[in-house]
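Labels run A, B, C, D, E and F following the written order; every chain starts at residue 1.
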Amino acid sequence: MTRLPDSELVLIPGGTLITATAEEGRELAITMARHSIHKIQPDAEVLAADRHVYATNPDSLIATSQVIALEFQTIAAANNYWRD
Amino acid sequence: MTRLPDSELVLIPGGTLITATAEEGRELAITMARHSIHKIQPDAEVLAADRHVYATNPDSLIATSQVIALEFQTIAAANNYWRD
Amino acid sequence: MTRLPDSELVLIPGGTLITATAEEGRELAITMARHSIHKIQPDAEVLAADRHVYATNPDSLIATSQVIALEFQTIAAANNYWRD
Amino acid sequence: MTRLPDSELVLIPGGTLITATAEEGRELAITMARHSIHKIQPDAEVLAADRHVYATNPDSLIATSQVIALEFQTIAAANNYWRD
Amino acid sequence: MTRLPDSELVLIPGGTLITATAEEGRELAITMARHSIHKIQPDAEVLAADRHVYATNPDSLIATSQVIALEFQTIAAANNYWRD
Amino acid sequence: MTRLPDSELVLIPGGTLITATAEEGRELAITMARHSIHKIQPDAEVLAADRHVYATNPDSLIATSQVIALEFQTIAAANNYWRD
């Protein structure tokens, strides 16, 4: 097993949901989704093999995009939708 | 690998969730869903092959429409539902 | 390919989430879910073939009803739940 | 084809999301979920055959309960959670 | 068929979403998810057979936990997140 | 059967949704998701066998991350998104 570096296991990198821009908020959503998977499966080799599977499977990609949408709902609300 | 152009990898094109109309907000929801998939799989050839699969599979289409619904929830809230 | 008429590709027919009644709001939810699928797959023949599959498959029907529920959450909030 | 009676195709029976009790709100959630399926598949015979399948399949039952949970989120919010 | 006792078919046992503690709110979420399944499938024998399947299937367990999360969102909001 | 220790069956460890930091809120989301599964399947041996399956299956991992996202929506709202 090749354990991921600690930085990949921080659940909310930066420690806050607040971001300067919507684009950064979206990047945080993607990172949070990835890191919660890292917490469950911290073996870099298993993850790399998995990636080969899901990144070429349309249904897996759609499911991934759904998780990103859900994380982003939370982050966008936290930032009052970057309205100001 | 044929990498997507950079414009397809911007997570929130325009950089804001605020749109003039509900129709534009819906278009943004679709674009955001597509671009988060681009971020995970930036190879245009793989995406084109995937599209052939999911665009003819009813369950994949339904799953896609679910992601659009979730993204739209966020965008609609950001725009106060275009009530004014 | 038999392309759907343009009216089937409008994402939010009427251009607003506001409806007079809850029943109309629910109809809008169904239409919005259908039209986002049209945007991804605008070929009427493929859609007709798909329909034969998903309309007789219980799991597809349940998945469809889930998308309707999500769209309706947004529309109901936009209308303050037609409380007044 | 045996078409469902019209009453089974009303999307929101009673025309309102407001209910006297939480229990009635929950019943409405179930009815709304069922009726949106009726709208897509109005053939009573197909529905009866489907029911035999999904009502004995654990994953279908779980998926159904998820749709009910989503509909109930909307109804509960509409009723201010029956707090008063 | 062995029909479940009536108490298992009450959709919201206690008739309210308000609970004294977060722990009780979480228990209510589980009960509400279970009872909506009971409403669809009230045969205790079918449910017992189903349980044997889903309780040992990781994907079914994950799907079940998703329904609990959704029900809990509603209950937690109803209780103002037990903040006071 | 090897029953899980009681501490693994507490649905909301600590008894509150309020956490000091976003990172702790995220950890609570993961714990709550895991413990609701424990409530349904309290046999440590079945869970260990399950883990071997889902932790190496990309679609199961994605589904798990979706549940975490949903639980976190609730916890983040409870904490006013740790804005202060």
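Please note the rule applied: contacts are C-beta pairs under 8 Å (C-beta built on N, C-alpha and C of every residue); 3 or more make two chains touch, one makes a residue touch a chain.
What you see is a predicted model, and the numbers here were worked out from it, not measured in a lab.
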(message) Quick check on chain C against chain D: do more than half of the interface residue numbers occur in both copies, making it same, or fewer, making it different?
(response) different
(message) Centroid from C-alpha atoms only, then distance chain A to chain E, rounded to Å. What do you get?
(response) 29
(message) From the mean C-alpha coordinate of chain A to that of chain F, what's the distance rounded to whole Å?
(response) 17
(request) Indicate the residues of chain A shared as contacts by at least two other chains. (result) 57, 59, 63-64, 66, 70, 73, 77
(message) Taking the contact definition as given, in what order do you meet the chains if you travel the ring from chain A through chain B?
(response) A, B, C, D, E, F
(request) Report the residues of chain E in contact with chain F in the complex, numbered from low to high. (result) 21-23, 26-27, 30, 55-59, 61-66, 68-70, 72-73, 76-77, 81-83
(request) Please give the residue numbers of chain F that touch chain E in the complex, ascending. (result) 10-12, 15-18, 32-33, 36-37, 39-41, 46, 50-51, 53-54, 57, 59-60, 63-64, 66-67, 70-71, 73-74, 77-78
